Each structure stands twice: as C-alpha cells, then as structure tokens.
Amino acid sequence: MTDVYDPARTAILLVDPYNDFLSEGGKVWPAVSRIAGEVGLLDHLRAVVAAGRENGVRVFFVPHRRWREGDYEDWDHPNPTQRRIGQSHTFAFGTWGGEFHPDFRPAGTDVVVKEHWAQSGFANTDLDFRLKQHGVTHVVLIGLLANTCIESTGRFAMELGYHVTLVRDATAAFRPEMMHAAHELNGPTFAHSITTTGELVQALKNGPTAT
Amino acid sequence: MTDVYDPARTAILLVDPYNDFLSEGGKVWPAVSRIAGEVGLLDHLRAVVAAGRENGVRVFFVPHRRWREGDYEDWDHPNPTQRRIGQSHTFAFGTWGGEFHPDFRPAGTDVVVKEHWAQSGFANTDLDFRLKQHGVTHVVLIGLLANTCIESTGRFAMELGYHVTLVRDATAAFRPEMMHAAHELNGPTFAHSITTTGELVQALKNGPTAT
Amino acid sequence: MTDVYDPARTAILLVDPYNDFLSEGGKVWPAVSRIAGEVGLLDHLRAVVAAGRENGVRVFFVPHRRWREGDYEDWDHPNPTQRRIGQSHTFAFGTWGGEFHPDFRPAGTDVVVKEHWAQSGFANTDLDFRLKQHGVTHVVLIGLLANTCIESTGRFAMELGYHVTLVRDATAAFRPEMMHAAHELNGPTFAHSITTTGELVQALKNGPTAT
Amino acid sequence: MTDVYDPARTAILLVDPYNDFLSEGGKVWPAVSRIAGEVGLLDHLRAVVAAGRENGVRVFFVPHRRWREGDYEDWDHPNPTQRRIGQSHTFAFGTWGGEFHPDFRPAGTDVVVKEHWAQSGFANTDLDFRLKQHGVTHVVLIGLLANTCIESTGRFAMELGYHVTLVRDATAAFRPEMMHAAHELNGPTFAHSITTTGELVQALKNGPTAT
C-alpha cells in the first residue's frame, strides 16, 4: 500500500446512501443485494466512514436527486435512467426510501452537497466548490453504483484535477460484470488508486507520516 | 429507427482521429486494429462524417492533447493514462502520429475545438461553448476509444444537458469486453440512443421530416 | 428595437426575488428602495414575468442561498459578502425574508433552479443544465443586484455561450454609480442587448415573426 | 497587510500580457496608456512577476484568444467585444501584437494555460485544472483590463472556490471610472483582498511565516 492520505487534503465522498439502495425493503436493494452481500458493502461503508471521522478526513454526502412530483416530465430529453426513475419514483422525497440509511446520517463536520440529477456528483452541484473551501485535492469514492454514479463521479473528479481513489469492496452493482468493468476495465484508465477497505482504513490510520 | 436528427440542432463529435490511433504504423494502432477491423471502423467513420457534411450536420473535431516536451512532469497527480503517455509520447505534437488521419481532416464548416487533457472532450475545453454558438442540443459520438474518451465525453455530454447518441461500429477499444462494457453495460444508463452506422446514416439522410 | 426573442429558445431569469430584497420590512430593502423606486422595479418585474408567461417564454427562478445555521463557519475563505451574510442572516431559510415576494411565486411551467452560494446563478447550480433541457439559448436577466448577482450571472451566461439581455429598469443596486457601472461600463462589454422593460415586453409580444 | 500567501497554495495569474495591450504601437495601447502610466502598470507587472518567481509562487499565463482568420464569423451570437475584435483583429495570431510583451515571456516553471474566448480565464480553458495539479487555492490577478478580463476571471475564481486578490496598480482600464468600478464598487463584493503592488510584494517576500 503506497497511497498516503493527508487529512487536510483528503475527503471521502459517500454517494447515494439512501434506504432505497442500502436497506432491506428499499426499491433498488433487491437488484444490488447479491453483490452488496458478497463484498460486505454495508460493513465496509461503515468502516470507511468511521475511519474518516476518527482520522480527520472529512465525509461529504453526495446525494442523488430525490424524486419529486413532476420531475423530468417537461424535459426535452431525460436520459434512460431518469425516464425509469420517473416511473419508479426511486429515492422519492418525503418517503423512507429517499432518506439516508440510519447508519449513514450526516454528523459532526460532515458536509452534505447538492443533489445530482444524473450520475456525477460534480455535475450541476456545488461539490467542487465545497471541496475547495476545505482544501481538498484527494477524493475517495464509496457508495453506489460502481459503474454509474461512482464511476461518473470518479471520471469527473479526475477531469477536474482531483486525485481519485476507488474502493473495490465499498461499492456494488447490479451484475458482477459491471463490477469488473468498473474496477478492471475502466477504473485503471482514470483512477489514481483502486484499493480495498482494509488497505484504505490502514492508510487513513497511518496518516501522512506513513511515508 | 425512431431517432430523428434536426441538422440545426445536431453535431457529430469526431474524437481523437489521429494517425497514432487510426493508421498503420501508429503507436496505438496495433492495440485497436483487431476490433477496428471487425467493426469496420474506418469505413464507418468516413460514412458518418460524409453523411453529416452532406446533410448539414456540423462535424466537430474533438482532439486529445498532443504530447509536448515536459507534459505532466511537474503535475501533482497525473492519472495513469497521462503517466503512460508521458513515457510513450502518444499523439506527439509535430509528428505524424499526432496529425489527423488523412481521411479525417477539418474541412468546410467543421469546427476544431481545444485539446482535452484526459478523456472527456468537454473537460477543460471550449466544446460546450462552441456547440452553443451553433445551437447544438444533440451530439453523436464517433472515434476512439469506446470505453475511455468516447464514454467520458458521452457521460459529460449527458450531464451537461445534451442528447447523446453512441454508434456501436464507429468506435473501437483494446478488448471486446471493453466494447461490451461501453455499449451493453454503461451506455444504456446514460446515452439516449445506441445505434449503428447504417441506421444513423439513414436517419441523417431522412432528416427531421422523417417523423 | 431589433432584438427578437423566439419563445422556444428564450428564458427569463428572475434572480433573488426574496422579501428581504423586494418587500417593505426586508433586511436589504432599505438599501435598494431608493433606486428600486426610481426605476419602478416591482412594476417592471411584474410586467416582464407576465409578458414571459403570456407569450410562452419560460420563467426560471434563480435563488440565492437562503442562510442556514452554520453557513460559512468552517469554510477556508468565504468571500466578503458571505462573511457579511454570516452576520446578517439575509434570506434566512424558514423566515419571511427568505421567502419569495408574494408577487413572484413559481407558477405553471416556471422552473426553480438550485440556490447559488455567491453571485452567479450558474455557478454550483443546475441552471445551465435546466436551460438545456428546455432548448434555451437566449436569457433575459431581471432582479437583484445589478452589479453583483445580475452581472455575474450575465457574465457567466455569455461565457457559457448564451445570448444575454440586461434590462435597465428591471433591476436595482445600492448606489446610482453601481447602476451606471452595470449598464454603461461593464454590460456593453459582455451583454448582447441592454434594453428597457417597455421595449422588452413589446419584443416578447411581437415574437419571432417580428423580423 | 494581513494577507499571507503560502507559495505552495498561491499562484499569480498574468492576464493577456500581449504587445497589443502593453507595448507602444500596440492596437489597444493608446486606449490604456493613460491609466497604465498613472498607476505604473508595467513596472508593477514586472515587480509582481519577479516577486512571484523569486519566492516560489508560480506564474500562470492566462492569454486571450489570439484572433485567427474566420473567428466569430459563423457564430450564432458573438458578444459585442468579439464582434469588435472580428473587425480590429486584436491579438492577431502570428503578428507582433499577438505576441507576449518581451518582459513577460513564460520562463522556468511558469504555466501557460489555454486561450480564453471572452473575458474569464477560467471559461472554456484548463485554468482550474492546471491550478489543481499544482495545489493552488489562492490566486492573485494582474494584467488587463481591470473591469473586463481581470474582473471576470476574479468573479469566476471566487465562484469556483478560490481566494482572490486584486492589485489596484497592476492593472489598467480605458477610463478612470472603470478602475473605480472594478476596485471600489464591484471588487469588494467578491474579492477577498484588494491590495497594491507594494504590499503584495512585501507579503510574497514575508511568506507564510509572517503571521
């Protein structure tokens, strides 16, 4: 493990930790539960968030748009995912599915940025701005889904000049080949580090003096 | 084929048509030649560009940074691809490999936008601005590579509000599973249309009166 | 009057129509009331919004961040205006001052975009994206303040590729020289049109067939 | 002087130091020469650049688009300044006027970013990305013009999350009231510091240990 994370320059981006994604009974949970179980998703999300908070690495909540009545209806060309959400009302505002999972609620110095309309937490939000107001240059991405919101947020982060870390077992997807695409095919072309929760937590504990 | 392309609102984005990518003797050609041959890449790029020019759909050249002496050397954290280009000098400025393939040279009303440093033709360039100055709302992406520059440009285009069309056989990648990831796993989550050269050329010929 | 506004491509951007800015008793009203009265601000805002709605020109609400407990407190470098708002609690969330003026409430097909943290309605919001989803290429800016939020939103709009119209008497500022700077010194360098409410309303009524 | 500039986080942005702006015989020099002379512009630009280089504060060249044949001709709505440049051919590529003034040529570790099409050095360029690859969070703006390119670059920098310093006597404008607008009316609303060359050079020499 050669990556070193200076707490003053590093942030954890926790993407879309909604009940609909992470909780038994959530609308999308059945589609992610198999891989989530295999990689130990919830335990690993808890471990990364805890390690961040304990070691002074700020946690940014990066939430998807919570569906509201009328969303997408008069748009010229919503994308396929938005059209589907327009039917399924995933992450609906004011419902349990659109609340953060009880183990992932903002606390202490956490920052909650604006909701993203599609996949990238940077697009049409204040994420870049809020990171700059905290001096962040390195981002660690955890949450869902590996090949959509996590990957687009990671691709954007790299293009915007950030150092990007993906965490193989702190994310999930609908199918194993999507995990493979995210971490073996695409991630290596843009991400600076692709690691595991175990290695990451150790690096966060070691801090910048580890080198 | 239900997609309709109004020439006044549509652009073809031709990504990275360099000799290093597309020509016998190019540095990256050996890595893409197999899939390029299988899908008929060069014939299809020629067909789409010709159909665009003949039907009033403007062609935008979206070029990667041509490597120059010193590139990436004093950066804090170049990405893995940039570090590799720093060794291989792909698309080197002033060399044959960094010139556009002879069949893909700007002509007539084509627009050449600024070079992108990484994967997305929109990041750190004037692509969005130049599209707006031509009233473009719909973009068709062709060129290389399917899962890197084409995919990132498409993901950005969607996040910026454009209607996005991918063309399965007017792109290529290093491995078949990367084509599969681009068009079967990831593309369907963000692209509004995933089509073929044959269908696209027909739609461009039909024009907006086809509906 | 040579400007022509196609309803399908034009939007009215109504910036910061809060009680704190526009209503007797609002926190900033005393500082803008003199110029607001001289130019007939409220009547003109009503006239432009009405003309937009009647002629199919969509109205976008472009709201400033409503102050919330804790805002700016842990930022590395809030700007001078943000530091002042941190004291004055202007546009405080959940208070009357942070509500839209009763004559400027979203209705019908109006769009409310995300709150901006500083001066530009485009920065760190979804304004560009929402405009694209409605095919907008031309924006008309009204609201407050002429030399801060209106000017920054206008400067950004131009840089992003939009056609920009300022309306001299549908805005206000703290001092006459700020109005002069906005409309005589700076506006003419970036705005495509600087007009009056009377001329604008006539142009909106005439529609695109006026040429 | 309370501002402190850590060389590891600070950059000097030198905007548009072309012969057409800064040299006897330049196309725009007659329009700026009076104020340039009054404030001591060239000496102060030299002093700030020298102080930056001597104290490890990196200099970024932020150049305007050098006019090229065909520029703006097929655009839907170039702005008033672009239309004028389309006539005057200011900063023409390949001419003396479009070269940097001989005292302001990139050297050593200086960075030259992409040309901007309008007023903001951040819009449609790689400035934000290049600053991030050097860990910059604080920018000092010098060059021309105070109320157009400097002001727009400063307004954008603040919106993007940077700490912004303006330097009263290391810029110029066409008329004194434009300097007044830039430094007394608008600058104080968005810039974190408005200083003089003398104070700035002293702060750069003192470095971050001055506090």
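Quick notes
So that you can tell them apart, the chains are marked A, B, C and D in the order they are listed, and the count of residues begins at 1 in each.
By our rule, a contact is a pair of C-beta atoms (placed from the backbone, for glycine too) under 8 Å apart; a residue touches a chain by one contact, two chains touch by 3 or more.
As the structure is a prediction and not an experimental result, all values here were calculated from the model.
For the pair chain C and chain D, chains touching both partners: A, B. With respect to chain A, maximal separation of chain centres occurs for D (centres as means of Cα atoms). Over half of the residue numbers at the interface between copies chain B and chain C are found on both sides, making the touching surfaces mostly the same. Note on chain placement: the centre of chain B and the centre of chain D lie 34 Å apart, centres being C-alpha means. Once the centre of each chain is set as its mean CA position, chain B and chain C turn out to be 37 Å apart. Centres computed as Cα averages put chain A at a distance of 28 Å from chain B. Residues of chain D in contact with at least two other chains: 76-77, 117, 123-124, 128-129, 132-133, 135, 137, 159-160. Against chain D, in their complex, chain B makes its touches with residues 74-78, 109, 114, 117, 123-126, 128-129, 132-135.
Put simply, chain C touches chain D in their complex at residues 76-77, 79-81, 117-120, 123-124, 137-138, 147-148, 151-152, 155-156, 158-160, 163-164, 175, 177-178, 180-181, 185-186, 188-192. Those residues of chain D that touch chain A in the shared complex are 128-133, 135, 137, 159-162.
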